[in-house]
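Two complexes are shown next, each including chain A; its partner changes from chain B in the first to chain C in the second.
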Partner chain A sequence: MGGGLLHDWAQQIGPLAQGLWVSARLAVVGLAVGLPLGLLLAIGVGSKGRSLRWACVGIVEIARGTPMLVVLQLVYFGLPQVNITLSSFVAAVVSIAVITAAYTSEIFRSGLAAVPHGQQDAARALGLRTADRLRYVIVPQGIRIAIPPLLNFAILIFQGTSLAFTIAVPELMAQAYGIGASTFLYMQVLSLAGLMYAAITLPSAAGVRLLEKRLGRHVAAAA
Partner chain B sequence: MKPAKLSAVALAAVMAAVTLGACGSGDSASTAGAGAAECTPRHQFSTVSEGELTVALAPYEPAAYTDSSGNLVGIEGELLRQIAEWECLEIKVLPLGSYAATIPAVQSGRADITVGDIYRTAERAAVTTLTDPIYKDALEIVSKGGTVTSIQQLVSDNLRLGGSTGGLWDDDFQKLLGDNFKLYQTFQDAVQDLQAGRLDAVVMSSLGYNALTAGVSGVAGVMPPADSRVTASTAPGQATWPTNNSNPELTTALNADISELRSSGAITEALEKYDLDPELADPGEPNLL
Partner chain C sequence: MSDSNGWDQFGDLVGGIPLTLELTVASFAIGAVVGVPLVLARRSQFRLTRGLAVMIIDLARGIPMITWLFVIYFALPQAGIRFSQFAAAVLGLGLLTAAMMAEIYRAGIAAVPKGQWEAGRTLGLSERRLFLDVAVPQAARVAIPPTATLLIGLLKDTAIASTLGVAEITYRAQIAAQNTYKGLTIFALAAGLYIVLSLPVAALSRWLDRWLHQKWTVA
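So, the complex of A and B:
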């Protein structure tokens, strides 16, 4: 039985690896678009301007309240109703970017809020304008605080790319289901797909823990 | 004294309840036995749940799906209802949504069979036991206005084709068309993309054509000429019911019942009821694609 399973996996790993590459690209591009938007939303939510603040809060709450599966369906199948037709990959990137922006805005907001108030006061005392205070003092420190939870979120997004199967993106789960449908070896191929996801997420999670320790070294030393 | 007496009374009450319950069970069993005496199954085989034929279902209209009351209907639903009557069974539907769940349900012993225009292939026969063919099905290419009429046209005109995961033709079209062939979770999604202009054609089974394109204007289906590059275009698919490998008696019984349904014309009737070509009732000799 072991030999049979390994033989099956040897035949399945080629197409699954192609799917894994698509999943990885999807995650990277989606995060690359979504993270800067999340930072902008975080700054907007903390803005003194009421209209901007409420607009950003509205966007964040609606996007966070909508499951990614629904966002994917709306972007891919809904937008053509208003003559915006995106390819599967682009639609998936847009959906991931929307979800990433909404969720990471809260992570960024927490990071920015965690910057000691003394830093803000000192920057103000030096005569820095608001934009310069944010750019040179607050945001760099806030991002450093936010990096570990952001990386954990990135790992979740990578796993979440499996939902892109529903809009015909040939990612890892799509490949796995295709092989399962032909061979009826669903358990074998889904197990292999699970191992391939773990091969990415487990080292990534370990890397995040190491990074957390390294980034917090100066705090531990001061204490 | 009093606590001891109370304990004795409580114990007696519990034992009485257990005894009465056992008598009740005996009565249920005898009722079932009496029921069984009125209905003699044509064949002997075991099922996942006694007295029930558990059918794992991923709905595929018109092959097998449920009505608003949850009853199994469709071509295979009609046939299974007749078989259940012959074998003194109630049909229990296990709605699982996709073949990725229904096949493992059969393999793991949670369901007796699964349904839904599942084709007989050598790969599938290696991991489940397939019944004899029930009816045949063919590949159909659907496009706007029926303008795509052959597999060669898909290649020569660099057309974009969509299909749903699990089609017998998936691998062949993938090799032939490369990135121009896209797989969707359902045929409905592929048809939606045809309408949105992301696809030039959709490949589907001829069985599902009417149901999948109902309410969709401007599309038409064509059965393409045989093309050796796509095996499914050269030989029709044969619909089957996969069963668990460890229940050969069930498969033997189903094969006998399928044979009787064919000779009595029931399969033809079921196909005609759903506006399908009665010729599909003759799948030919069993083969494995």
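So, the complex of A and C:
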């Protein structure tokens, strides 16, 4: 053991990079499944049909009110009670998708609400059906407004993948803990893992801030 | 395996409520207090102080909470610093809350109109009085809704303390699920408990928001 921090890091970075790859896949697949569901939920929450609206509101509020850790455990350890057994990776993807759908539905909803009312009126005046109004007029503009908060949420979800450690997905945190437990070099391996998370989240957050500023300038110029 | 249907474990989960609330309140208290020097440093005229504060805030928010908890609980003992599971969880949650509170304070202060500072200076108020008597009361109004959101988020984040073995709601649910094979029922009950616990905070926030809006709307 020993030989300096850099020596330890050199030994650890291989397995951690493998873990980071799993974390990234979890985030990307979970978001890819969850985002469309979030948009559908947003449209459902805004619909005129009362039962549809309340069902969507209920799903959103329950999923948002539950800790992500509990959702993960419920899907992985709970669903076998009704004979649905998922692998830990799939269980994590399902959980992330559910959380993503619930949270992003709120983001999509405010994006859709921010589309100027005149657009809705104009589309109606042109005789577009409800589905076409959504598809060609409201949703494309609403999504554009929602992009920066969606990206910020994606960064949070990437961090949230670390909780999949508790259901034995071999992502970055699980790899780091495994190395720590077998070598007792907790400080070295956990600091490296933390820096690897930060190396992704901090530049991404800075990029989103830059994008927000640009979009803001565009809006200000148009106004 | 007993013929229990999971409801028997309900009492066990409820027994975790005090620890969940203690974790929430203690880490919020740390965050609200430590957030103050952090935001002051963030607004400092010295570049180095400012840079240091930005770095702390960014690292706190850019690294997952579970990583921080593990650093405090598993890694610090390497340097001879030992915490109980509960203390480690409170410390980790508290420091992350401090970073988020610093940002909330900052947004609150930034929302105080420039004219307020100028008027205060014209009246000859000291910088200290100006800050405490003019800026803070106005900033507080802006800061309350995001603080309530943070508090609800924190309540849910205390579930992560289960990974250190703190016997709060989620930890008890895990044990009960292992013992009974009724995981779905038990984790659904746990989810319900978190939702119920967050309702008063949400209601209080809505009420405060409405009250402040009526009482303090500034033209």
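Note that in this section the second predicted complex is superposed on the first by the 216 of 223 C-alpha atoms of A that agree within 3 Å, B and C clash if a C-alpha of one lies under 4 Å from a C-alpha of the other, contacts with A are read in each partner's own complex, and residues count from 1 in each chain.
Keep in mind that, in the parts below, contacts are C-beta pairs under 8 Å (C-beta built on N, C-alpha and C of every residue); 3 or more make two chains touch, one makes a residue touch a chain.
Source: prediction; values computed, not measured.
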Overlay on chain A: chain C relative to chain B, clash or fit: clash
Contacts of A:174 with chain B and chain C, given as first, second, both or neither: first
Touched partner set for A:110, first chain B, second chain C, both or neither: neither
Chain B versus chain C as contact partner of A:191, first or second or both or neither: second
Partner chain in contact with A:80 - chain B first, chain C second, else both or neither: both
First, second, both or neither for A:205, with chain B first and chain C second: second
Partner chain(s) touched by A:11 [first = chain B, second = chain C, both, neither]: neither
Touched partner set for A:182, first chain B, second chain C, both or neither: first
Of chain C and chain B, partner touching more chain A residues: C
Which superposed partner A:120 touches (first chain B, second chain C, both, neither): neither
Partner chain in contact with A:152 - chain B first, chain C second, else both or neither: neither
94-102, 130-138, 166-174 or 202-210: stretch of chain B that collides with chain C: 94-102
Chain B/chain C common contact set on chain A: 77, 80, 165-166, 177, 180, 184, 186-187, 190
Contact footprint of chain A on chain C as seen in their complex: 58-59, 61-68, 70-71, 74-79, 156-160, 162-163, 170, 173-174, 177-178, 181-188, 190-191, 194-195, 198
Residues of chain A that touch chain C when the two form their complex: 61-62, 65-71, 73-74, 77-82, 159-160, 162-163, 165-166, 173, 176-177, 180, 184, 186-187, 190-191, 193-194, 197-198, 201-202, 205
In the complex with chain A, residue positions of chain B that touch it: 99-100, 103-104, 107, 121, 123-124, 127-128, 162, 165-166, 170-171, 182-185, 189-190, 192-193, 196-198, 242
Residue numbers on chain A that touch chain B, as the complex places them: 77, 80, 85, 87-88, 165-168, 170, 174, 177-178, 180-187, 190
